[in-house]
Each structure stands twice: as structure tokens, then as C-alpha cells.
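Everything on this sheet refers to the single structure shown next.
For reference, chains read A, B, C and D in written order, and residue numbers begin at 1 within each chain.
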Amino acid sequence: WNEPLITELGAPGERGVLPPGSDPDMRESGSRARAGIPSTRPDLARLPEVGQAQVLRHMLRLSQETLGSHLNVDIGQGTCTIKYNPMINDDLALSDEVAQLHPLQPESTVQGMLQIFVEMEEFLCKISGLSACSLQPGSGSAAIYTNIRMVQAYHRSRNEEHRDVVITTSFSHPSNAATARSAGYEVVTIESTEDGYPSIESLREVLTENVAALMITNPEDIGVYNPHIKEFVDLVHEFGGLAVYDQANANALLGITRAADAGFDACQFNLHKTFGAPHFSGGPASGACLVSEKLEPFLPAPVVVKRDGVYALDHDRPLSIGKVRPFYGVTGQIVRAYAWILALGDEGLAQVTQGAVLNNNYLLHELLQIEGIEAPLAPNGHRLEQVRFSLKKLTDRTGVRSAELAVRMADFGFHYWTSHHPYVVPEPATFETTESYSRSELDQFIASLKAVAAEAATDPELVQSAPHRVAVSRIDDSAVNTPETWIPSMRSYRSKYLGEATAEVPRWEPFEGLPEPRRNAPAAHR
Amino acid sequence: WNEPLITELGAPGERGVLPPGSDPDMRESGSRARAGIPSTRPDLARLPEVGQAQVLRHMLRLSQETLGSHLNVDIGQGTCTIKYNPMINDDLALSDEVAQLHPLQPESTVQGMLQIFVEMEEFLCKISGLSACSLQPGSGSAAIYTNIRMVQAYHRSRNEEHRDVVITTSFSHPSNAATARSAGYEVVTIESTEDGYPSIESLREVLTENVAALMITNPEDIGVYNPHIKEFVDLVHEFGGLAVYDQANANALLGITRAADAGFDACQFNLHKTFGAPHFSGGPASGACLVSEKLEPFLPAPVVVKRDGVYALDHDRPLSIGKVRPFYGVTGQIVRAYAWILALGDEGLAQVTQGAVLNNNYLLHELLQIEGIEAPLAPNGHRLEQVRFSLKKLTDRTGVRSAELAVRMADFGFHYWTSHHPYVVPEPATFETTESYSRSELDQFIASLKAVAAEAATDPELVQSAPHRVAVSRIDDSAVNTPETWIPSMRSYRSKYLGEATAEVPRWEPFEGLPEPRRNAPAAHR
Amino acid sequence: MLRHIGAESLESLFVDVPSALRQLEPFGLPPALRSEADLARYVRRRLSRNTPATRALNFCGAGVYQHDVPSVCVEVAGRAEFVSAYAGEPYEDHGKHQALFEYQCVMAELLEMDVVSIPTYDGYQAAGTALRMAGRITGHRRAVAVGSLLDDKRSRIAEYVAPTIDRIEHSTADIAAVRASLDEATAAVFLEIPDAEGLIDADIRAIADAAHAVGAIFVVSVDPIALGLLAAPASLGADIVCGDLQSLGNGMHFGGAHAGFLAVHDDPRFVYELPTRLFGAAPTRVEGELGFTDLAYERTSLAARENGVEWIGTASSLSAIVASVFLSLHGPHGMRELGDAILDRTSYAMEAIAARAGAQVRDADRPHFREFVVVLPDTAPTADALLERLVEHGVFGGVALNDSELLVAVTEVHTRDDIDTYIDALAQEVAA
Amino acid sequence: MLRHIGAESLESLFVDVPSALRQLEPFGLPPALRSEADLARYVRRRLSRNTPATRALNFCGAGVYQHDVPSVCVEVAGRAEFVSAYAGEPYEDHGKHQALFEYQCVMAELLEMDVVSIPTYDGYQAAGTALRMAGRITGHRRAVAVGSLLDDKRSRIAEYVAPTIDRIEHSTADIAAVRASLDEATAAVFLEIPDAEGLIDADIRAIADAAHAVGAIFVVSVDPIALGLLAAPASLGADIVCGDLQSLGNGMHFGGAHAGFLAVHDDPRFVYELPTRLFGAAPTRVEGELGFTDLAYERTSLAARENGVEWIGTASSLSAIVASVFLSLHGPHGMRELGDAILDRTSYAMEAIAARAGAQVRDADRPHFREFVVVLPDTAPTADALLERLVEHGVFGGVALNDSELLVAVTEVHTRDDIDTYIDALAQEVAA
């Protein structure tokens, strides 16, 4: 069905929930206070007025129009490690003993929670080989950001503020470049060579005494492991820089090799990827920073410690970069990931990687048999947990682009992701199987992609006019890319398209001499 | 998608959950015991072997192929009172303090639970006007059964075992007739007159000194209130019988009139209908028996009592009919209904009925404007909470039957129910709005039925070949009605259709002289 | 809306209710708690007076058992679609129908019987119906119950079966005693395994043969959670198998989580006597596609009123879906391991109590599954008093059968530490 | 599968990892708890050492607030589809996109600003981004923060904004002080309402005018739960409004339930500086149908790497959906009543503490929303000691600001009895 917007539902006077009322004494106190408020809201907010049952029906319908990995075989979303999120871990995370804790209630009443933080940090130290951990960041990108801020504080503590360059690679996740820039660094990106690996020579070319850090993903987003990684790290160390490892997706390497083994000074894990916590439609997520001893003093405060058998929060961290989010981390996700690790242990974690890499190589093997699909780069053919395919030959032959195939795959109930920008691989498609799907489920994906690829040859219009079997038709997205036409809310729509007048309010105006800002060229998400 | 059966999923060796293991001492004790068991299972059961993630995906897909009232505007299911089931009541019922109680744990540890039972019984006594309550029955039908068993015990206690007749009416729910028969009574059914009311004369005709009870619904399943109900009750009393009121659906009468007001000796409420508890795809449900003082000694044991401020279970009930289910009732449903009543209070309950009856009369008004739809019986036109429509004229004109329209309505996302058997009203359709849907939601149902009725005229084949937009196509149900072809399980399918041999097992065989049983004529659910 | 439909007033819609019957006063219920938050606080305050079994060590059984509930079972049971669906047809509720058919399929495999009905209310009622079925099929009205049976269950069954079965006699499980109790007027022999004291050593095959020899139908009530360990009763001669689904992922809920199952061979004499709904797979217009719809619906009272088989109402469909998920998650190996885990713990607890608690275990040398009877010494407090004292230790110590006997249940939820903690507390209070 | 793909061994798939880097020893993690039930028991044993705020009376705030969470919010947040969805496109995840667009719509109404982005991580980061936006737009690097601010928040913002903003100075909310603090190099004036001590009497309009007069952008951080009571800051001159969604149905979760929002007018100078994703409604091929897709995606670091605005990762989408449901359930009247309920309780608690607890309330004569500072007498125990003693009363009595000051939060979850119970306990321990 075509579900209307919530703003179109309901009728005046309908109510979804009623807040508790006040007794006369409380009301009287409130009246006295209200008189002192200079700006109470003059009119009611123009919110929907909808009964509870209808709000629920509406939201459940929207949920059914959403594919999650609990519903579909979600291997089409590379770099995201969409694995199974065990239900029991949700139950634990949502129990009152987690969900109903206030972060500042007395420490004596949250000993179990603090214990879990400490144990989880220990687990992740073992898994990374590094020596200290912070669970505070709210995502992998936030952890990458935290890592570069710690590097910055480290150099500053050594009076090496001249170090203003961060080096990254073209297949490292964009957040490495972006967080470094946000922290004020100049970003130098090493392009990969033709076989997909960044070369040690190109690193040498850009290295100077101004290097603050190398920020690198490995295996990179294309599923290829750079065998020279230790040489990279060593070389950066030689120049006085630190090496920060983006382990957003560590699914390929559990039990195989650790950040510490290659000499990294810091890494991060995404608990919602490798460690089985859910993605929640795009967060709340959770990132963990792991660092060597030399960066430990700079960890975000507070740090959870155990002293004389009692768990406590240590705020006395003079070199700390401070907080990177309001409290101690996304607790629910931390509990889920903690339970996930406990359930698996050493052997189970190793099996995760074995399963993920085997599944991925199976998918690779099968998809390469579809005409027009190639796996460029890494000519020796080895892939770990994911593959960035190229459909250039298929596009050349049929005129159908990878992004169009992606939309058509939605008709078959699958996600299909192309690539981060810029598209280095032409007509890219990046898939990641993880360990969580059975062979017959992988075969469903393979069969559908085969069918869609065949359609592209025989009936390109069918593919290009997709989707045909989902809740919405092909969107004309020209409207969302220009300020004159875009509609970021129905409030905007009313004024922009319906001419509804909105009250004049005081606003900042550009002052004289302010230059026109420069904008990036428009881009689409796909 | 066409979701396979769970029996077709998975692969040997896949596991969904692992039970806890035993330590060596426990295993050793177990081995000693195992040696003494004469019949351990020789082979593993032939259950599916499927990973947890896939079981979940499978079940969630099946859930999405199911329409519940949390998803759709569920007013097409008459006699069932499909109203909104507030989410908060689920939360309360599923809290550990309800869900994790053992019924035989010490009474001192379940005082809150017993208090809720006592208060809920008091609420229902007030709502019915009767004087005692049992929450033990597992559904409305189970409560009807309990009521007739109490009547039976009552007559027996008075040495009036000759009373072997129960009288009911043709529009009373089938469970009245069926439970009476199960209890050993002869059942006499009064047919309604042409205007839909059972007549006092027809009651008088069948009344004798052998009457045990009148079991009657009012308003009957057609939504018509019998204004002579008190005369019926009085007349039965005159002959020494008791009057048992089927209030499965009390939604029409809250705040209007009570069972006690018409002199009934007993009634029952379905907590999952009138009192806002969910239907759970067909149970667990919950029924409450309400009785006058005269029947109180016969209530199912134990009875929850309060003595000296302490709640307790009273098992010492010498006249009790005994238990009607293992413990004290379907506790979760009782907690939900208790919360539902608490949220509404006197005024709220009255508003429920007002809303339900108004909504129903609105639907009646609108649907009667569709050509070929009539509301026969009750010529003065008054209806309470539901209406049994007749589409006979539409069928005569188009050849499309009501049951066929029902299937087509599924394409529009609606249930549509015809009637209990036998079809007294030709080409019946029974709808019940309840108070839980907004006018615009009622209009969605009305518009769809209008559209389908129009299709019946213009394109009957389209309607008759429905469904077209649901998860399954039109079923050929001839196979399910003969023992030679029916498939009650895939185990049966394997032996019946695939010729798989099953082990010969010892079985009962008909002994000589055993007559062939008589069977009812085949019938379909719709 | 009133104006739109041409009604004068709300009141005018109720004209059929005579004024003499009109309710004049409000009900007198407590003031409404219209704010969801106020309501929740009010109810939770009451509930806080309960101690969940999960915050104690619970050894109570006697018809309800604390077993682990896999989280996926909870998720499926809580899916809003399944929660709020009801009487929808095979088309709009295809998923519900398939889920229920799958329940029939997996239970059929576990029970080794082709036909498993949609659940009736509870195991007690299922047992009653099984006996009524036997009465209807044989035309006889006498039944024999073999072995020990809980008093409540016995009373419930006796209540339910009249007048189809008018006499239930009892026999020990000793095969000679069983044979002696039978005659040609016997409709059914009823056996429970594990029985009310947890015993699992009845000679099922011999009892089956004895029943069949006199033309009686053999009804076996079984807890399905034992069937990874124990042979399917049908394989030994049971004609009707019944029981309760509570243990298969449905939780305890203060005794509100029961669902009775009934299983028979694919024999029309039996199938037509099932009172509940039953779904069959059937072809659709699309080649290879299956739909699921009522099988022999005319059996039911919904179709045939008093001429249907007994009566049916809204029983326990969701419990069946949950049980099906439970069995699918466990699979063949899981069910076997689960049976073993329970047997191991039961046996360990029996031995340890006999050795260390200062009390006897009845039939200590016979195999028990999950339950057994502890006999207190004369010097101990009464069973009820003892149980109250154990609460102080955080232990729900079992169910008192009388002043000196406790029925104790041990399941896979108990670790060895849990059992040892219980025994220590028991020893201390028995000696006190 | 190995054979099928022509690999010799699992090991052969890892040939790219040099042997010198291979991990030789296992991690040394605890033994696996492969049984779900064992795992749950293990974790729950740890968790049992926590006391949920719902089993006490909780008056802690300081950035996280215990507000009622409607049950429908919990249901929506728990829907398996929303839980397990991620980066799906507008087609296969139409529902998710619509839900997020609806969030933008209802927040836009509450805030009276046309553009509300998909959330960033938390309110602190949102405030930091707002200041960075102001820095980028104006080209200036100095900001002035008006009124009281939590230390943690101040530290987090200062950390985040460098180097775009390199100086944050502070001013009281007194308008003359604000004016005195401003100069033409000021990028932004930052105001929080309610502020860190719960005060809600800043003259927002006057501060806006003062900021605009020097070309500075006026950033207001607000708790949206106050906006039934308080005027939308945009209506008084705020250019960027930011805050946290925690209070709108997202619960406490030990501080793990934050989500930052950013709102601006529909002015490209501002919109193009938003770092997060933002969805727009767009027509589809079907007349009248709307789809929802990224608006000006090129802003983001996902599209433009280091040339995007700041950086984004997986922030807090589900919290936005929950907030949207919360606002839709409450509607205009509910939000106003909720604001009133909190104001009434706050005011009552302040008056009653001042009257009966033997402690002072700072700024007792000024209006506060939800929070206020209690100043302990010299004779009282230190704040930390006092709080530990209150635990014995079942009370989490607030957050210690220093040895003699408590920050106390009161919300609609507190009944009058709750507040009185707290005050009695406080009075007793202050005097002890």
C-alpha cells in the first residue's frame, strides 16, 4: 500500500498518549514559575494529531516496507558486515538492568555495568593485541576521529605541532580522510596501483617530517589485503608519524592477524559490524578505540577502572582528549557485542573469519561466471571478506549501469551496493557475505543477480525502469539537488509549493564582504 | 515471496540453539538412570536442521504475510470485536513479575498477582452486576462451557437431574449449543422470526419442567438487541431453569445494561474481545464467568480470596465443579484486561460502547448505499455493535457470491467475514467496527468494498479469480476434504504422495460389530 | 457522524434496550488512569509485590515447568502481526496458516504421527478429549488410568469427559495390574509419561498390547520436551497422543501458558473425532504452490453447532507457533541433548538429595525425568513450613504434596551450583 | 564449498597475510558460552549487580533524563525490520526513508524551522557542529557561550570545534554582559535553554538581536521536550537550533541513548554546511506518489571524502524514528501538557525543598525547567556522601556538582509522593 505521511493522518482532537497531570499544589507552583518565563510558546506546535492505534499501524506498515537482515539475505551491502544479530543479545541489552540505568547514578549501583565495560575492553585488547581501549565513540567513524585526535594530542604533548599531514589511501574508508581534515590536517591520499595495492614507493614519495599519521584500511574496502602493511607502518614510524588502522570491518582477520602484529599504534572496531550488534537503520552504532601504551594517556575520559575489587570511573586523566560523547559509550551495543564475544570465544571468533572468507570466495567464484562481471585489481585473485566487482563489460554490452541493476535487485528483495565515491572501479558493485548466511541463501542472491544480468541483455528497459515490485516507483531526484525545489519537510513544502506564508523571524544576514561559498558538484547516494 | 516450508530449509548439521550441557558428575548420574529406561528414542526425531538466523528470517516473513489489527483496519470480522490492544498492556503482561511466576510458588511471593485477580473479579462483577467471578476459563467458549457445567451442578445439588434440555437461539453463538451438548444436554434451538428476533411464543412452546437452562446471546451475532430479553429470562425461571447470557461481545452494552439487570444467573465475558486483550492468531484467549449468588458455590476451584490483608487461594470448595484448566487462568490476558479497565474507568467504558455503536451505524449507513447490499431482519433498523448484511441481491445480479467478494477484499488488505454456519441470512457478511478506528479508516474499508462490488458487476471473473495481490493464489480445497487426499503434515505427504514407507506400529483396530460412524456433510470455513 | 447518518442522538441508537433494563448508576470502578505512564506506574506497583522465579532458584513443577525460552521464540510470539491476527482466511493470513501447518508438521515428526491438531486449551483438556474420542469411537464408557496422575489433572479429566466416559478407574503401571483392570467394555487405557512423579519406566509396548487385546484405545499423554530422550509413544502402540506445549518455549506465566495437543494416525475414524481446527496443505492455481486451509472443517462445532465434535473456541494458536519455532531451533540433536541435560540433572539431584539433604527420595532406584518426590523425615518441619523457610534462602523448593512430601522439579535451567545451593538449604531446614 | 571453488584449504584463502604477521596464539578469551541459555545466565548474573533507576526514585539529570517512554515507541524501536536495516536505498527501504523524512517533518514543526537533518551522534556533537557551521559560514573563529553549561559539554564542544573555532568565551545571560562580549570577529553566540541549571528566563530575542548586530550567527541548544512550554527558538531569532533527542522516547540506557539534531532555515548557506544525511521528498513516475532520497548528498564526507562537511558515520537514525513517534503520539496538546507537567513538578520540588529539606535552592525565584541546584548547608555531609546515604532510602538524589551542591532533576515520571519521599529523605540526611 501507499502509506500516507504521518502529517496527513488523524484529525483535530485525536490523541496518542496523555502525559500525567499535576495535582493542585504542583499546578500552583507551576503557575508562579510560568509567570517568570519571558517566552512561552504562543501557539501549539503544528504536530500531527493521531490516535495511538493509527500511529502504530502507520509505523508497522513503514517497517514492513523496510528490508533488514532479519528479513532478507543481506549480502549486497559491502563494507558493512551485515551479519546475524542474535536476538538474545537484544534481550540482554534491553533488560532494565541496562536500559534503565542513569549514567550518573551512584557507582555502587552500577557495578555490573562497569564490570562489563572493563571485561569488554580486555576482550578487545586481546583481539587487537593493543594495550588499552575506549568504548566511548558512537560509531566507527567517531572512533577514527577519536584516534586522530589522540594522535594530535600525542604530538602536541611532544611539542611536535608542526606535524600537519595525514596520509591515507584511496580505498580506505572516506572517514579517514574526512576526520583528519576535520581535526585540521592536510590530507594526502595515495592512489592504489593498477593491481589495487597502494605501493610502498608512493608512500615514500609523500612522507616528510611533517607526517602526523598514516590512516589506512586493510583489507581495504575492496577486500584485498595489502601484504606490505608492516613495511608501511615501519616507514611511517621512521618519519616519526603514528599508524592508525581502520578496522571497521575486522571480519576477515579474527584469529589471522592483529593490529599489534603489524605494529599499529591504534585501531578501531565497529561493534555493530564485526561484533554482531545491529545496525538500527543507521545507528545508534558503537566504535571502540584500541591503542598502544604510548597513546593510552590520551584516551577519552572517564576511563573505567577496577580498584580494590570495586569498579569506578576515573576522571583524573590530565592528558585525556576529554569526552568524545556525553557519557561512556552506546551501552546497549556494548552489551550486545560483549555477549557476542562471550558466546564464541577464541575458536568461535576464528570460525567467524573462516566462514566469512569462505562464503565470500564462494560468491566470488559464482558471480564471475556471469557474463560481464569481473573482479578487477589484485591479479593473483585472493580476496578476503568482500569483493568490489566491476560490471563495466556488462554496461558496455547492454547499456545498463551497475546502479540500475541495483534498483532492479530490490524487486527481488535484495540490497545491492555500488561503492563509495569516487568510483575508482568502473561500474562497481561491492558485496560482503559474512559468515551468517547458508550456501542456499547465497545461491538465492546469485540466482537473482544472474536473472537481472540476463534481463539487462534481453530487456534493458525492464531493468532501467525498475523498481516494479517495491513500495515506491522510480524517483525523479532532480528536485532534491537544488535549493529552489528541494523539499526537506512538509513545512518547507507548504511554503515553497503551496505559498503558505510563514511568520517573519529575526535571522542572520550575510555581512558585507562575505564571499560566496564554494560547493561540491552534485552527487547521488547510489 | 513464496516462502518455503520450514521443513525444506536448512542442511544437516545446522543448529538454531544449543541446550546447556551437563558436567561429568551430572552426566554420570544420568547414565545410571538411562540404563533403567525401557524405551529410549532409537533414532533422532526428523526435525528441521536450520540455523537460528534463517529460522528467524523465515518466521518474520510469515508474520509479514499475516494481517493483524495492528496492521490493518480490521472491521471485517464480525462477532470478534477486533479492537485496539494497547501496547502498554503487553509490556505489563510480559514483565518478569507476571511472565516468570510459577503458579505454585509460595503464595507470599505472588501477592501482587493475587491482588490483581481479586480486583479484576470485582471489576467484572460491577460491570455485569453479578456477584461472583471466575477468571479460570481459557476463552469465551470455555467460559460458556463452565457456565453450563455450573448449572448442571446446581440442578444436581437440588436433585433435579431430570432437567436435560438446554434452549438456545439460532443467532446465538454455536458454542452455546455445542457446550450444552458436550455436557450431555439435549439442545433445542429456537429459530428467529422473520424480523430476526426469537419470539416469546416459540420459547413458551419448547419450555417444560425439563429445562436446565436458556443459553442466549443478546445482542445476537447479527447486532440486534432483543427487547424482550427479560421476559425470556423470567419465563425460564418460572419453569425452574436458569438463564445463561453469552456476553462474548459486550461491546454494545457497557454502561447501557448489565446481565443482572435482565435477571440472568450467569454470563461470561471474553477478555480478548470486549476488554482489549489481543487475539494472538487464535489464542491464548481468556474468558470470565460471572454468576449470581446461587451459582457461586459451584465456581471452579481454587478461588482467590483476601483474608486478614493477605491474598490466598481457597481450595476448600466442596461444591465446586473443580478445575476447568490447569491453574487459575490465562494470566497475561487477565493483566492486560485489568489494565485496560483501569485506563478507562466508568466513563471510558461507556465511551467505548458509544463509539462502537456509532461507528457501526456509520458503516451500516454507508454500506447500504452500495447497490445489492442489504441489512435484513430487525425492520425498525436499529443495530448495535455489528451488522449481518446480505448480499443476495448483488449475487443474484452478478453471480458473484459473498464468500468470493471476501477473497477479493483480501487484495485490498482487508478481512471480510461471512457468517457462522448455517447461513440463515443468504449471502451473509458480518462486520463489526468497534470503537477503535477513525472515520477515515472506516472510509477506507467502505471505499474498497464499493470498488469490489463494482468489480463484481463489471468484471466478475476478476473477483472470482481472486486473490491477486496476496502471498498465495486461489486454493483448490477439494483435496482437504477426503481422507484419501488430505495432507495434514509433510509426514503424511511423504507416505501418501511419495510412497515413503513408515514403520508398522501396533495400533488399535475396530473390533467386531463396531458400527461405521456417521459424518457431517463437508463444509468450508468460509 | 450522528448527523451524517441521520440519528438524533447517541441515545437514539439504543432504543431497543427497554428503559426498565437501563443501567442508571455508573459501575463504580476506580478513577480512570488515562495517562499511559500513570497506568503503568499503578500496575507495576502491584506487580512489584511478586518475586519472579527468575530472581530465585525455582524447583516447582507439577504441571508447569521452568524451561529455557529461546529468544527467537519470544520475538516471534511478540510480532505485532501474530499478536493481533485472528480469524483471517488462508489468503490474507497465509503466513499464519503456514506457520500453523508447520507446527503440525514438526510435531508430527516428533510424535511420529501424521495428524496433529491445532491446539486445544491445555494438556488436561487434551487428555479429556482423547478419552472422549475413545468413548465415541468404541461406544464404550469406561477408562483405565495407569500410573500416578496429579490430583488436579485427574479431577479436570473426570469433569470433562462426562457423560461420554462415565467411569475412570486406576491401575498401577505394573503390567499384570493393568491387564487385570481391563475388560471388553473399556474404551481407553490412559498412561502418562513422565508420570506425575517423573517416572519413565512404564512398559508402554506391553500396556499397548494389553489395551488393544480388549479393543480399548491406548491414549498416552507425554511432555514433548522428553521426546529427544524417550521413544515416541506412537512407535510403541499409542493410538492417541496428547500433552501440553507449555514446556516448548511458552514460558510459565503463572500457569497461563498452556496449550494442549492431540495427535493421531491418519485414520479417518480418529481424525473425524478431533474437535479442533486442523489445517491441510492444498494445491493452488499456481503450479507447485501450496496453500493451507481447514481440513474436514465439518467436524467442528463452528460448522455444525451441537452436531460438531465437542466444542471449540479461541484456544492457543500462538503457543503452537512458538512450539514449532522451539522445535525448529533445537532440531533433532538439540532435542536429544535437551532430554539428556534434563535427565542428567534430575538424576544428579535425586542422588545428591538422598546423600546429603537428610531426606529420602521415593523410588530412588528408578529413572525419573525432571520430577521426583522427596519424603521428609518425621523430625522435619511440615512441607508448607519448610517451603516458606526456603524462600528466605531465595529458593522455591518444590510443591507440597502433603505434610511430608515435596514434588521437586529440576530442568536444564539449573546449574550444578543451583542444585547444590538448594540441597544445602534443604539440608539446613530439614535439620532445623 | 572449498572444493567447489577450487581452493586447497581454508588456509589458502589467507595467503596474502605474510606469515610474519600471523597470529600464533589464540586470543585467550574466556571459554565460549555456546548455549544461549548459559550465555544469558552468565550475563544476567553480572547485570544483577545493577540497580535500575526504575527500582529506585531517580533524580539524576545533567544531560540524561528519565522521561516516560510510550510503549509504542518501544515497539517501533524493536521492530526487527528497523533493528536490522542499514544502508538500504529508497526503493527496498522505502519505509525507513519515509520514517526518517517524517522525523524531519514533525521536528520542523516543533522547531519552526524547515530543515532538520538526520541526527548526528549526540547533542554535544550537534552543538559543536553548529559552531563549526557558524565558523565556516562567517569565516570567523571566535564564539561566545551565554549562560551556564555543563563542564562535560563545554569540554566536548571545545574539543570538537578546533580548529574551525579556536576560542570559546563565556558570558552570563545578562544582556548587557552578552553585548559586551561580542565583536565583529564573533562567528557565533551560543545559548542553551533550559541551561545547565534548568533556567529558562534568558531574553532570547534580545540576545539574537545582539548577535545579529555584529554579524554573528545565533546558535540555540534546546531540549525539545520543553518546546510545548517554551517558544521555538527560531521564532525568536535562532539561526541554528540544536539539541539531543534522548528525552523524546529514547530512554536512558546508561547514557547510551543520545542523538543530536541540527535545524536551520531553508537557506542554502546553512543547508550546505550540514554534515549529516538529509532526505528530501521527490516525485516518482507515478502521479501523486512521493519518494524520499538524499538531499544535496555531495555535502557529505561519504560523497566527497575530506572535501565534505566534517565527517559522518553511523549515527542515530533509529533514535530519530523513535522521536518522531514520540512527537506524533503526543501531538500539539500532549507536548504542551508534558511541558506543563514538568514545569509544575520542578517548581513544586524547588519550593518544597527550600521549605522543608534544610537546604537552599539556587535562584529559587527564577523559573526552572526540570533541573535546579540544591545548595547544602555547611553542616551537611559532602554531596557524594549524602548521595550514597540516599541510596539506602532507595533514592538516587541527583548529581554532585561539588562538595556542597547537587544538581537535581524532576520530570513527569515523579508523582508528588515521589518528590515528598525524596525531600523527607534529603531532610533527614542533611540533618544527620
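We adopt the following convention: contacts are C-beta pairs under 8 Å (C-beta built on N, C-alpha and C of every residue); 3 or more make two chains touch, one makes a residue touch a chain.
Which protein is which chain? UniProt says C, D = Aminomethyl-transferring glycine dehydrogenase subunit GcvPA.
Keep in mind the model is a prediction, meaning the values are calculated, not measured.
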Between the pairs B-D and A-D, the one where more C-beta pairs touch
A-D
Whole-Å gap between the CA centroids of chain A and chain C
47
Starting from the mean Cα coordinates of chain A and chain D, work out the distance between those two points in Å.
19
So chain C residues touching two or more other chains come to 34, 36-37, 40, 68, 70-72, 75, 79-81, 412, 415
So which bits of chain B are touching at least two other chains?
10, 14, 17-21, 52, 56, 60-61, 64, 70-71, 86-88, 90-91, 413, 439
Name the graph shape formed by the protein chains and their touching pairs; answer line, ring, star, complete or other.
complete
Help me check something: in the complex, which residues belonging to chain A touch chain B?
1, 9-11, 14, 51-54, 56-57, 60-61, 64, 70-73, 84, 86-87, 413, 436-441
Per the touch rule above, chain D residues touching chain B in the complex are 34-38, 70-72, 74-75, 80-81
Under the definition above, what is the set of chain B residues touching chain D in their complex?
17-21, 56, 60, 86-88, 90-91
What part of chain D is in contact with chain C in the complex they form?
36-37, 40-41, 68, 70-71, 75, 79-80, 412-413, 415
